[in-house]
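To keep things simple, chains are lettered A, B, C and D as they appear, and every chain counts its residues starting from 1.
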């Protein structure tokens, strides 16, 4: 048996995992296990910015940020958590700067900020410059900076090790089993605590901004082992993905003045969000795009619209809206500004679309983007095993995989990066504290047995269906039926289909029979996880008979605070599923109708 | 459109040596090479192995030699590659399986240049360290690096002598040397001044030609050389 | 894999920087000296005009002597340092690497001496150099 | 040694662009010149030994097959010299010359300059084989 002993193991080396590692390793002996090299985590794809009420360019307050977060989340946000996040955000963004993060600067040398969807001046309701940014590669810089700091602190990494099983003994966490991709061997990590930071599972859908590696392994394993997931029906579709490819075009484009245009050349967001228009929150815009397309106003009647950032167009609308710079002069944008502030976006468009955003509008469509739900945790990253807030001793989680819940029914742009660093840090600190209080639990007997069985069952079929076929079928049905708009009928259909695919999965055949770097095998295992999550996502969506944030039911178009102002927990029990509910923590902000 | 992928295969459990194998696939002109490889892997031969993650050129997983030149498979479109496409692992690092190479020597070089901000002064309590727009601009280019290893593994100097620290590591060093907040310039220049440091760069420009982030690597290396000769970055 | 196992950089060694710099400076000098030499020999006189008399006659002028010495020194130091780089690039076995470089340096010294001896001690009247005068003495 | 051969092979099969080929030529040229330089010192040294042996060397040099090598050498020297200037520019003024656009321009200039110097020199060098003497001193003086 390949055996390692640590105080704690962190799974995932994205923003959340690395932040946790930095803090936990100060007081405990920590290993970071990641299926990718850390710098390849999808945090590096985040573009637009990290929200914090620094007020570097105009008046701002963390309370405003908290309010925007709560409103953006359609009041499903736990307000105590939102307060913590928005308050801590300010200090943490400064801390990131101190670590060396190369933020863009204002003329007086401070961190530069830009407007972002749903972030407002609470008095005027106008967009506020809150997203601290490093060009359009803020996530890349966060990931790099945190990894750099981990190297400085000599954090121990196990790169290209895939988490496969959580070990429990005496009712507490006792470590994990991970698959070493290179050798094909299982490794047992014996530890007092485990921290999940494995990111999202956007690969459930056909059109997605998410990486191939985002397959929800950890939540699926937890689900199989009898732990609940929270608010799984809430998955965000980002309005501006590159047509057919799903590659994200950051909201920062609209922050810089870009506008959405339909097939008739209209700036249609005027209709749907008269006050903040193209910077309304994501669910609102994604639905608006779908409605435009449904009503035949896609470009040339097809299923996409334009995102237009051509200087002449932007300047026309900026003038129309009377936008000004901090010094009062009218705000304008030039081709050079676009190259400077959105270099990667310009590059994506040119590479993948052959479209130059400076002279042509970009064809876009909503793309599966972000999991609001996930592993339930409290504000210190402790995993909760039921709706009564009972923690799992030694279990921690943060980042996209976790549900604190600060994003409620719809996450605001820039808030994920905040979530990663704030709760990654809090979780890391809490975990180190926990490790110093408890003894190492004994290893369960045959710790590798479960993972071994999983692998063996995948290798059992000498022939059969390639995993890719099933995966494609799943992604398509999830896109069509469990996407931006949902109905009872669509969801029921989807559920049937997913269950059928799950059955067929028994016949999946791994054609690479080797041990070393068998990514064929891993892809099959990942599909198993995705099917699991597809099923609970669909079930949870069927279950919630209202429309709220990212969950829009055509057959229940209204938000229903009387029955549904609550988080849903879902358990898998054999072939059945069980729901339970947890009230939303309301603080200063009472639920109101959400208009932008 | 139907294309032939000519792929250099190696399976450590079966093969003694690398060998070529051909696969035909149907692709859209706008498909990425990564899509084409996926088609082979998913529907034809599951043992075809390569790394990938983000699928849009930001994670740096899928560097390979495509038609003789280093590229990211996800950042090159089939229509630009012709009817017959050759795919090989990047050069100068030990091959593990098919396109997968041992990245450890590469990351070891990265770690060797102390890729983190060094500034022992207490930062201001509740605000950022100030930096002018110009000072920030000074090192902007080299912050873009995604550590894909395209550059280092296209560099003849690195092929010739694997001890060379390589362009990627110099890019990382540059990012800190020219950051006005960093206090370890001299220590960093000392590292770069090694026999196997910047002086091994022969201004071949292969690195620049293939950097998917379009970093002016040779320029960055040149600036580091100059800083060493001038004994610092001032002026 | 041994060739790429080195993980530490930054042992103080100023020589590499110097040699790099020197290659550029000497290159610039050679651009004038060596190219001019070529042009004079190949374009102005034409190589076929060169014979014993011609070569011997040139060294009558001290200017030519200095010129040729500069050419000799710069070309050989520049060229040898370049060759050292190439050896360091391709020959990784420590033993071979050092052996080859040692041989290179020995050759360098010998050839500089050979060149300098001819240029400065050649006596057109007796067609002897210091060296074969000495040799003659020994032969006796 | 095996690795040396491998890396040279990699160099040849990699589809680099101008900089890559410039480097190969520069290196090959440099080494070629070094070899010739040693030879040249040797033959000049033999001047001191005696006329006959030196003339023997010249006889070889002036023979037709040797001219092929001399031509290659001439090309090598001119390319190495002008490319050396490009390298110096790129290295000493990175902010001006170390970008792809400049690199291409400089490379083209190097090629043009090399040919500009090489072609006339080559013609003058081979001419004697055909019994013509084009050396400038002859033309001017004659």
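Just so we're on the same page, a contact is a pair of C-beta atoms (placed from the backbone, for glycine too) under 8 Å apart; a residue touches a chain by one contact, two chains touch by 3 or more.
Predicted model only: the values in this text are computed from it and were never measured.
Engineer: In terms of Cα-based centroids, which chain occupies the most central position?
Structural biologist: B
Engineer: Hey, how far is the Cα centre of chain A from the one of chain D, in Å?
Structural biologist: 60
Engineer: I'd like the Å distance between the centres of chain C and chain D, where a centre is the mean of that chain's Cα atoms.
Structural biologist: It comes to 16 Å between the two C-alpha centres.
Engineer: Give, as an integer number of Å, the spacing between the C-alpha centres of chain B and chain A.
Structural biologist: Once rounded, the distance between the two centres reads 27 Å.
Engineer: Per the centroid of Cα atoms for each chain, what is the distance between chain A and chain C, given in Å?
Structural biologist: Distance between chain centres, rounded to whole Å: 65 Å.
Engineer: What are the residues of chain D that contact at least two other chains?
Structural biologist: 4, 7-8, 87, 91-92
Engineer: Can you list the residues of chain C that touch 2 or more other chains?
Structural biologist: Residue numbers touching two or more other chains: 3, 90, 92.
Engineer: Where do chains touch, given as pairs?
Structural biologist: Pairwise, the chains that meet the contact rule are A-B, B-C, B-D, C-D.
Engineer: In their complex, what parts of chain B are in touch with chain D?
Structural biologist: The contact residues of chain B facing chain D are 65, 67-69, 91-92, 154, 156, 159-160, 202-206, 208-209, 216, 218-219, 221-223, 225-226.
Engineer: In the complex of these two chains, what residues of chain D are touching chain C?
Structural biologist: Residues 1, 3-4, 7-8, 27, 30-31, 33-34, 37-38, 41-42, 44-45, 47-51, 54-55, 58, 61-62, 70, 74, 77-78, 81, 84-85, 87-88, 91-92, 117, 120-121, 124-125, 127-128, 133-138 of chain D touch chain C in their complex.
Engineer: Provide the residue numbers of chain A that touch chain B in the complex, in ascending order.
Structural biologist: Touch residues, chain A against chain B: 36-37, 39-42, 44-45, 91, 94, 97-100, 102-111, 134-135, 137, 140-141, 144, 148-149, 151-152, 182, 211-213, 245, 247, 344, 347-348, 351-352, 466-469, 510-520.
Engineer: Touching residues of chain B toward chain C in the complex: what are they?
Structural biologist: Residue list for chain B touching chain C: 92-94, 102, 105, 108-109, 111-113, 157, 160-163, 165, 187, 190-197, 199, 225, 228-229.
Engineer: Per the contact definition, I'd like the list of chain C residues that touch chain B in the complex.
Structural biologist: Of all residues in chain C, those touching chain B are 1, 3-17, 19-21, 88-90, 92.
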